[in-house]
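This is the structure I have questions about; it appears just below.
By written order: A, B and C. Residues from 1 in each chain.
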């Protein structure tokens, strides 16, 4: 019975249900629900992309926000300054970020541990500095406001979607793109490639010994993670109607790291759960107090010392505990 | 350009350098021994500044109270450091660096808000102690006594630190802990005590530097985050974990900035980030450090 | 089929819900403002001014019989955060209007949100010209503070009075406001005194920890006088480092700063370390030596009580004015619909404790003059005060 139940739980296509539920938000929720939903979805993609480095490959990047920022700026500049369509700007943002991740990652993966973290931090600060200073292109400290929405007229011609506001239509588009991105990331993590990354994380020396080119794999993971962060950034720029230098400041890297471990680094969906939880907590707490950083710090302390596995880790541990308890009582009539 | 102005500019750069060194030395020390990047070092520095202001405010503004306040701030922050290390930090030593990084970041968040709660958001300021309030003429330039004092403190701390690390039994153990913790443990040395001592000393230096900047800088919320990135740059340039490296890293930083703005008026500090990246790429252990195994 | 049914049901529900939720009876004003970080120094008093205005208006029965409710949020002085909060205030809290923001990075960014959502936004402090220049103006943006051109003209007017000054150096924070303010000053000075040349410009970053190398570099150019746009903690640090280096002595204290260093906020922070003799300005001199208008006296007394402080802040006035202006606009429009209020605000005059202000119909600004004067010791106060505050510029360039 318990085995059956587990199988049943596993057989339910949770991701599909969550996706479909998220799609209904523009109809059943308020504008604010859509706003929150979009922020959570984008943060989720951002955090899941970071976790490819953090959880899967074991690379502590303290500058992941650089790639988010590059994606946001490339997409924003192409759409606003050069008036290119989203269909061009969005892939270009991914490509631009991938190139930048390739170059910066090439140098980063040659370093170990803390030096790796420091160099990623340095690169993100360079991106921040460029964004902050290069007035003519990035708008400097005043940023690039008024990024246009993509042309979504085609969506209006789909029955049922025509009445939606442009924000809601963009929400659906972003949701679809994020779902595809997450599916691709999921495939990557579960592929042989992903298993090699895990091997590298667990024991780089052993991985090298069995003939794996550790740096090449780490670099590949770095580029993939950067690219998807770039996609998240591109969507965020349009979603928040502007791209600003603050996107790229180092403390944002810390925030996305917190999301990742809050949800649980050991689980593919952990960072997404973390994004949901953090955005929700932020909403709840900032409504009552301006001391949000204090609460965030305290949450982080609790995580580090009490629930290092994050929310999903905690649930999994609780679930495992319950199952052991149930199994250790064979006298209990199971099928009663 | 007359030589006196070049001298003046050099001294200006040196002032910047020595203030940064005071802050960065503790950061470098903790990295060298414990292999931890302590984001909260800037917060310790800020708390030191606030504590110094508080003490001066309680005693009477002006007068010799500044020196008492500086000691009070340094000791206060050292106690805070001790509490942080004993209560939390030590249980993270065996864990991945990610947890250590995030722990120090949690401290940044909590201490930042605590300072805001205790001292508000206003800008505070402390007067220069009367003894050092004046200035002297050197090579036809005006040099504030207080800046000269800081320029003397910096090398004194560097030299003192070097002396302790290289000429004493404690120093030997610290250096051994730096190289191989397990081995030292196995030999029966009390590594825990060494770590606590290092962390507390580093916090002491942060508190002291926070107190010492108050006569020439305003105390504002957010000064913690503003300073920590600069301190990182200095530590990276000189070599993480190397005391003298941090010293020369500070001097390079200060002088590059100082002559940069003299020669190119639009000179931007951001090129320093590029320098930081280049050094990490070419010589990750810094200009004066030794490669990590 | 079933899905479509339930969707239809959801849609009907969604359509009926928000209307009911909106029927609250207070007029809501969203107020993003820095409450943390280095600029909270001024964010807090601006907010206090706005809160006091709300309290006064509500005590008199509100506007159109409705109370005003102020929803303040910490913008962290970041454009990104301010935009996010502004949108959240609009769609979550259904605010009727926006006011607030402090820096010239936040205000133009929030202005675009106001434009997109057709919500009136009154910016109390941002001075950067781009907020309301021809390229960025839209029907819903209004500004209380003067802009950097007005500030620069006032600074240049004062500078021009020093007949023996032939060379001027400038120092300003390296960001939008600093750059605009120096540009405004130089442009005005060229017209007033073409014989003066600018011999040096230093651009320390906002929040610079150590100005020493900037100060020594500037001193090497031996200018006769300095125009400065450093403010808040930056000016405190700057002057504490500059004094012992002999910076002020070298220019005979001929430094003019247009960034509110004449406020008690700044003067209190520096205490006896203030570089007496320099010229500073303030939105509100607070301590008014000379003929103080009675409305101002009352305002300051009320403010002291409201903020429970020994000395009032020189920044609260602009927060106060932003709410008063909005309330007057609502009264004139007769409703709280932003398009109507926006129209009502055009050319609207309103009384404030420091005199009458009116929004230009063309550029939606008040061109508020500020109070300028030499900063002197005053035996009655433990900090510097403006001597005989003078309203400058007295008249404005045609705009």
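Here, a residue touches a chain if its C-beta (ideal position, glycine included) is under 8 Å from a C-beta of that chain, and two chains touch if they have at least 3 such contacts.
Since this is a predicted model, take the numbers as computed values, not measurements.
A.B. asks: Quick one: point me to the chain whose Cα centre is farthest from that of subunit A.
C.D. replies: If we average the C-alpha coordinates per chain, C ends up farthest from subunit A.
A.B. asks: Which chains, taken as a pair, are joined by the highest number of C-beta contacts?
C.D. replies: Chains joined by the most C-beta contact pairs: B-C.
A.B. asks: Indicate the whole-number Å distance between the mean C-alpha point of subunit A and the mean C-alpha point of subunit C.
C.D. replies: 38
A.B. asks: Hunt down the residues of subunit C that sit against at least two other chains at once, touch-wise.
C.D. replies: As it turns out, subunit C has residues touching two or more other chains at 35-36.
A.B. asks: Got the subunit B residues that touch at least 2 other chains?
C.D. replies: Those would be 112-113, 116, 268.
A.B. asks: At which residue positions does subunit A touch at least two other chains?
C.D. replies: Each of 293 in subunit A touches at least two other chains.
A.B. asks: Provide the residue numbers of subunit C that touch subunit A in the complex, in ascending order.
C.D. replies: Residues 4, 7, 10-11, 13-14, 17-18, 21, 35-36, 73-74, 78-81, 83-84, 87-88, 91-92, 104-105, 108-109, 111-113, 115-116, 128, 130, 175-176.
A.B. asks: Quick check on the complex: what are the subunit A residues that touch subunit B?
C.D. replies: It comes out as residues 54, 60, 62, 107, 110-115, 117-119, 121-123, 125-126, 129-130, 132-133, 250-251, 254, 257-258, 261, 291, 293-294, 296-298, 300-301, 304-305, 308.
A.B. asks: Quick one: which bits of subunit A touch subunit C in the complex? Just the residue numbers, please.
C.D. replies: That would be residues 24, 27-32, 35, 140-143, 145-146, 160, 240-242, 244-247, 286, 290, 292-293 of subunit A.
A.B. asks: Which residues, counting only subunit B, touch subunit A once they are in their complex?
C.D. replies: 31, 35, 37, 88, 91-92, 95-99, 101-103, 105-110, 112-114, 116-117, 225, 229, 232, 236, 240, 268, 270, 273-274, 276-277, 280-281, 284, 292
A.B. asks: Would you tell me which residues of subunit C are touching subunit B in their complex?
C.D. replies: 35-38, 40-41, 43-44, 174, 200-203, 205, 207, 209-210, 212-217, 219-220, 232-234, 236-237, 240-241, 244-246, 265, 269-273
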